[in-house]
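In what follows, chain A forms one complex with chain B and a second complex with chain C.
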Partner chain A sequence: MDEILVHESRIAVPYAWSAGEVLSRFLKALRDERKILATRCPSCRKAYVPPRKTCGNCFEACGEWLEVGPRGTLLSFTQALYDSPAHPRPSPIYGLIRLEGADTALAHLVGESKLENLRLGMSVEAVFSESRSGSILDILHFRPAS
Partner chain B sequence: MERVAVIGVGQTAFEAERRGSTYAELVHEAASAALDDAGLDISDVDNIVTASNDFWDGRTISSMAVGDAAGAAAGEGRSISTVEGDGTAAAFYGMSRILSGAYRTTLVVAHSKASEGDGRLITNAFFDPVCERALGLDAVSAAALQARIFLEHSGKTTEDCARIVVKNRSHGAKNPKAQLRRPLSAREAAASPLVAPPLRSGDIAPGSDGAAAVILAGEDFAKRRGGKRVWVEGVGLCADAPLGQRNLWESRALRDAAKRAYAMAGINDPGREIDAAEVSEQFSYQELLWLDELGLARCERVNLSGGCLCAHAVIAAGLVRLIEAALQLRGEAATQAPAVQRALAHGQYGLCGASHCVWILGNDG
Partner chain C sequence: MAKRVAIVATGQTDHAGNRRDVTGVELIHEAVARCLADAELTMKDIDGVVIGNMDHFEGINGVELWSIEGTGGIMKPTLKLTTGGTTGSTLAIGGYHLVASGFFERLLVVGWEKNSESDTTGAITTAFDPIWDRLVFAGAISGLAVEASAYMERFGATEKDAARAGVRDRRHALNNPHAHLRKEVSIDDVLRSPMLSDPIKALDICPRTDGACAVIYACEGAAEKICPKPAWVWATANRHLYSYLGDAQWYPLRSLELAAREAYAKAGIREPLKEIDVMELYTPYSFANLSWIEALGLAKPGEGARLIWDGATDMGGELPTSWACGVLPAARSTSRPGPCAGRATGPSTSGSRSAHEGLWPRSRSCASPSSTRRPAAESRCPTATASSGSTAPTRSCSIFCA
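So, the complex of A and B:
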């Protein structure tokens, strides 16, 4: 076959996404108070973290705010043993964490532990970053609770 | 209600990299194959539904980029519309258009060239940009989280998953369209590199380049025309809550979709009444999970094509399942099950099976 050319390029489009009122309050609490906030559905009482403005189950506004964590239960974990330009650190360990007081699972990084030392159902706690900017990474990671 | 038939199917071969063709050219190849299979000309097709994803294609309105290739402008031209999702959802829309009474025949096409984008970044973009994406999760690492929960909850093991890999790879070896055509032994599956524990490379569908197409027709058209046809007996499409808000060891959306499809088809005992199934297992554990929810855990004729573990052109994956289910009914599959009167096809879309589409196809009678 004749030579086939490949056009290499990338799409680089900047965005400025509004966090909205609900996630702004959540992210500001991480940044300013090292607190993890959730919202609760008045109908099914489910507490969402990250907080949601509306309950997907009940289609109702989640008006009530509450603080959850910083401890939680590790519901699952893995380690990405491959490189990705999206990874915030090499070979990141990921966990699904149900924070104390919350009914949903928060996906986040797990640190200060090797993968082989993690167990399903173990207690973990949030470690906050020293420099915080109103981002989900203001929680540096979760670590096995002391 | 009027019935709808699948009167033509077509698919390209699936390869790791199909450098010689653009994705629009793949669409044309699959659409032409489906028309040939149906014995039709593009002028017999009065509307088109495409499935595509702008991030995978690297352009906005990616569907319109394949319009010409699908025949939208040929001759007198025809209506074209789009689903951003799996090919089975596009077929659902295509069928709905026929049932509306406005159209007789729908060409449904789906394509992906996984080789041309970066799946890690594209599937990282599935996550919420404000409060999730910076974590760097993608479809594979998210699935690993689901896999561990599913294994823990179900009591199934990585050996059970490896058996799925071995089974599907042995079927794929006989499928001339499949990308991975070398069987994998249990020993090789267990020794394949860990990618995101508990997932090993053998557990993960490869990324493929390819396209698939089907032609759907209303009952009058299908009966008048004769030829090879299989009937749509039931269909269901349901979406689930986002990751973190649902139990990952189960799939309520798949149960709901199956319930609707089974009710429409009059199926009470899927394990007995379905002769062959093609499910979209992007990861080996998913075949076990999806079959549980479909009530087909004991079905021995699952993914006789090799499934997604042998070829996975992302957006086209579910439409390939629909085609392979139709081929089982026609007695033309590469690995043919005996006496198939009713077959199930399943597609999924999103992280950890966020939405599901279930099809029940049957022969004349």
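So, the complex of A and C:
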């Protein structure tokens, strides 16, 4: 077969996504106070993490803020054993954590535990990063609660 | 037999260079909430949602899902339409088709853009072929400059001619309280503004804008119950032309000519200049106002500038164009559905980059919210909108009548 040429490149477009006023408050609380905040819909009473400005179901402004966690329940998890440049760390353990006081689960990393020691429904807690910049990764990961 | 369809409500955000106070989802919700309020409906009354933007402007590829809390589309049929710079028109046309088909009675169509979040030229370049054009030609401004230069050489049009059109659009923007740029400029201001890509200067091109627009389409039977004077869609048409930049036909603009001809034929319009009352054009830069109105059949080849100098396209003229401000001052959001003015995003109103043909403010597509409530001077009062991609491969026309 004749040689087939492949053009290799990458899309390099800079982005600057605004977190807006609501998510900025959430991120600043993580960065400055190590607190995890939620907002509650006045209609269905659901507490959202990350916080929402508006409840997508009720279309009501979620004006009530509350602190949730830092403990929560591990609703599900898995470990990615294949390589991808998209993984945030090698062989990451991904988890869905419903923080105490929240009605939605937060997708995040699970660490400081071997996979075989994790159980569905177990209690986990947030571990905050020492150097925080106002990002969801200011929570380093969740680990089994002490 | 397709059903008759009208735009019965519109909502748009205030367009600005940077809406840092909100995320894209929150911005979308602002337009949706205003549109629902305009219609006096809630999401329970809406059968489905269509949303569009130029996705590489925000770098979110699953916009229909990501935005669902903003659009209100949770557990409703939700579709995404995106055709780059003509997304607004595509939304306007696609929404119309979906309702005309009889499958939807009341459809929410949303266009949006947060151009502040990316590098516009870098993002637009991702629409080009990765092996050929992307390596040797970047962005919309340069593509438009090539179009303008070819037209000027052919007909002797001048930068001053284009500036006159730009001055008009920025003056018309004062009619739209939601427009991004609401300040009059003079011809000298345009001519003295910094050169970006010869012959396009800073005041010849639309700004990068953050904004969203939403419209509700309803079919005959439902429309009259929502709005006392629905803006009925008479015709839509669109044409695509080429893949590579070198294949583009810079003049005449065959795609826009054929789209316009089809739309006029469907609406029974023989002399658009005389029969159409207002026209909202997605003209992202001032020079487009010269050649594109020729493709739309308003002037003979090379005579577009004269029509503009004569004042025919000014407010109070024979056929005011971009009366809700067009794209130039409004914003460059591409995705406005419907008749609008502005280049922002959404289907409806005026100005996003997609296809609009309508009357209101935004990107290239539009449907306009407020136009639906505007009393018609006479029973037949067609308004037309036209849009095209920034480098000319795609053109659309729509004609509305209230």
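Going forward, the second predicted complex is superposed on the first by the 145 of 146 C-alpha atoms of A that agree within 3 Å, B and C clash if a C-alpha of one lies under 4 Å from a C-alpha of the other, contacts with A are read in each partner's own complex, and residues count from 1 in each chain.
In this text, contacts are C-beta pairs under 8 Å (C-beta built on N, C-alpha and C of every residue); 3 or more make two chains touch, one makes a residue touch a chain.
What you are looking at is a predicted structure, and each value in this text was computed from that prediction instead of being measured.
Peer 1: Looking at chain A, does chain B or chain C touch a larger number of its residues?
Peer 2: B
Peer 1: Contact-wise, after the overlay, does A:P92 reach chain B, chain C, both or neither (first, second, both, neither)?
Peer 2: Once the two structures are laid over each other on A, A:P92 reaches chain B alone.
Peer 1: Can A:A12 be said to touch chain B (first), chain C (second), both, or neither?
Peer 2: Once the two structures are laid over each other on A, A:A12 reaches chain C alone.
Peer 1: By the touch definition at the top of the document, which applies to A:Q79: first (chain B), second (chain C), both, or neither?
Peer 2: first
Peer 1: Just chain B (first), just chain C (second), both, or neither: which does A:K53 touch?
Peer 2: second
Peer 1: Between chain B and chain C, whom does A:S135 touch in the aligned arrangement: first, second, both, or neither?
Peer 2: It touches chain B, and chain C stays clear.
Peer 1: Based on the A-chain superposition described above, do chain B and chain C contact any of the same residues on chain A, and if so which?
Peer 2: Residues common to the chain A contacts of chain C and of chain B are 9, 11, 15, 17, 19-20, 23, 56-57, listed in rising order.
Peer 1: Give every residue of chain B touching chain A within the complex, in rising order.
Peer 2: For chain B paired with chain A, touching residues are 19-20, 58, 118, 120-121, 124, 128-138, 140-142, 144-149, 152, 193-199, 241-245, 248.
Peer 1: Quick check on the complex: what are the chain A residues that touch chain B?
Peer 2: Interface residues on chain A, with respect to chain B: 1, 4, 6, 9, 11, 15, 17, 19-20, 23, 26-27, 48, 50, 56-57, 75-82, 84-88, 92, 94-96, 104-109, 115, 120, 135-137.
Peer 1: Under the touch definition given earlier, write down the residues of chain A that touch chain C in their complex.
Peer 2: Checking each residue of chain A against chain C gives 7, 9, 11-23, 52-57, 59.
Peer 1: Can you tell me which positions in chain C touch chain A when the two form their complex?
Peer 2: 18-24, 26, 29, 33, 36, 42-43, 56, 58-59, 68-70, 72, 74, 114, 116-119, 122-123, 126, 130-131, 134
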